[in-house]
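Chains: A, B, C and D, in written order; residue numbering restarts at 1 for each.
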């Protein structure tokens, strides 16, 4: 597949900061969520619709490196890339840039596909694979 | 009924603070939740069990005054009081004290009883009223 | 003064929800923050600049009513109104509408002006009053 | 050094859950923070005191695997282990067990030592190394 990239902007809020004056490390999960959600929305398959077909996508793993601080009120860019077709898992690469374009964080987040009713793992929905293959 | 009071301690975490160096005003909802949950657990009716009977208790209103700051690593006290038997609603009064015993916040949080399946308001469960009447 | 209104849209994230399937009541503080921040930015005085002049604006009180649920992925509207010139305090009225335009929450949040260095209350900055008086 | 282990219990709150009915993946940062903070408190060096000497410890990296869900009201156990003396970095291994003792998450969180005034990296404080060497 051709790699797919989404870029979404996010304004850092007081709610995101901690007393070190930067975005709290534990709040990056929200940023990755925004990145992957907007990517699959852009592809034409909002996560909400995916859930309505009975599929859930719990997170399996996160690998994250904090390279530079993000500060209050910055308009940051969340870059999200998918380079491989999903199988039982789907992997998202994120790069977060601060307002000046400096790389502040990179991360890989892996999700699994699950039948929401039974809690059992399933393969990626055909529609999602088709959208990524185009 | 005789007023019922619960006191629960809570350690302030980095996750709770913002760049002003104090607990972010938007994080007090978690503190009130801890207060009311531990109160009804102490009475003998964990909220989890209440939910298992098909009742949910969404919050209807919050009135909160921030009187003094709470800072990182303080061992604060959440005091929760119920003074009236619940009807269709249940009202909790909270007073939060900092580590030195200074009143930092007072709040009233009102919840309603709801049938979780239908989303319709219901009256307070008999068991809860009985526990509060004793 | 002529009342000033700002409307800002916000996409509800998984991070905002709780297991009741709606936005957790304790996460509305973030929504009010976004509303008041975008209002004063629109007026020409970003809160970040205000802080750079040595002023902080801690929240003094919140009164909030939860009238209808907000659910995952909705594009909600945060309406923020200022109707009175600030003195030692500044009052923001918020109305949050769900994606269908139904009123889900209304709230009044009062902030105080504080000298960030000394922690003492001060009067509202002249620039802010002037911008609101126009 | 002899590996040091701390075990801290934590009650899952509504605030921690998301609409999948489990602890939101982005809220585990709070759990790791609690684990490492209680570990170094147990060793005799509260993080707050460390900060008062002008040292900050921003997070450099997180590697986390989500193996099993954590649900509302569970009394979970956060196990934190340090196996190596800190140099410019300090590495914490976490294992989080659900109420039944099932391993739900393991993670490695690496922090760096920083001079809070200059923002420059520094070596681990002698006192911390001494406490870990004993």
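Basically, a residue touches a chain if its C-beta (ideal position, glycine included) is under 8 Å from a C-beta of that chain, and two chains touch if they have at least 3 such contacts.
Quick caveat, the model's predicted, so the values are computed rather than measured.
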item: Option in A-C, B-C or B-D whose residue-number contact pairs overlap A-D by over half; value: B-C
item: Chain whose Cα centroid lies at the greatest distance from that of chain B; value: A
item: Distance between chain centroids, defined by C-alpha means - chain B, chain C (Å); value: 24
item: Chain A-chain C separation of Cα centroids, rounded to whole Å; value: 27
item: Chain centre separation (chain A, chain B; CA means) in Å; value: 33
item: Chain B, residues touching no fewer than two other chains; value: 14-15, 20, 22, 24, 26, 29-30, 33, 72
item: Of all residues in chain A, those that touch chain D in their complex; value: 20, 22, 24-30, 32-33, 56, 58-66, 69
item: Residues of chain C defined as touching chain D within the complex; value: 14-15, 17-22, 24, 26, 72
item: Footprint of chain B on chain D - complex, ascending; value: 13-15, 29-30, 33-34, 37, 46-48, 72-73
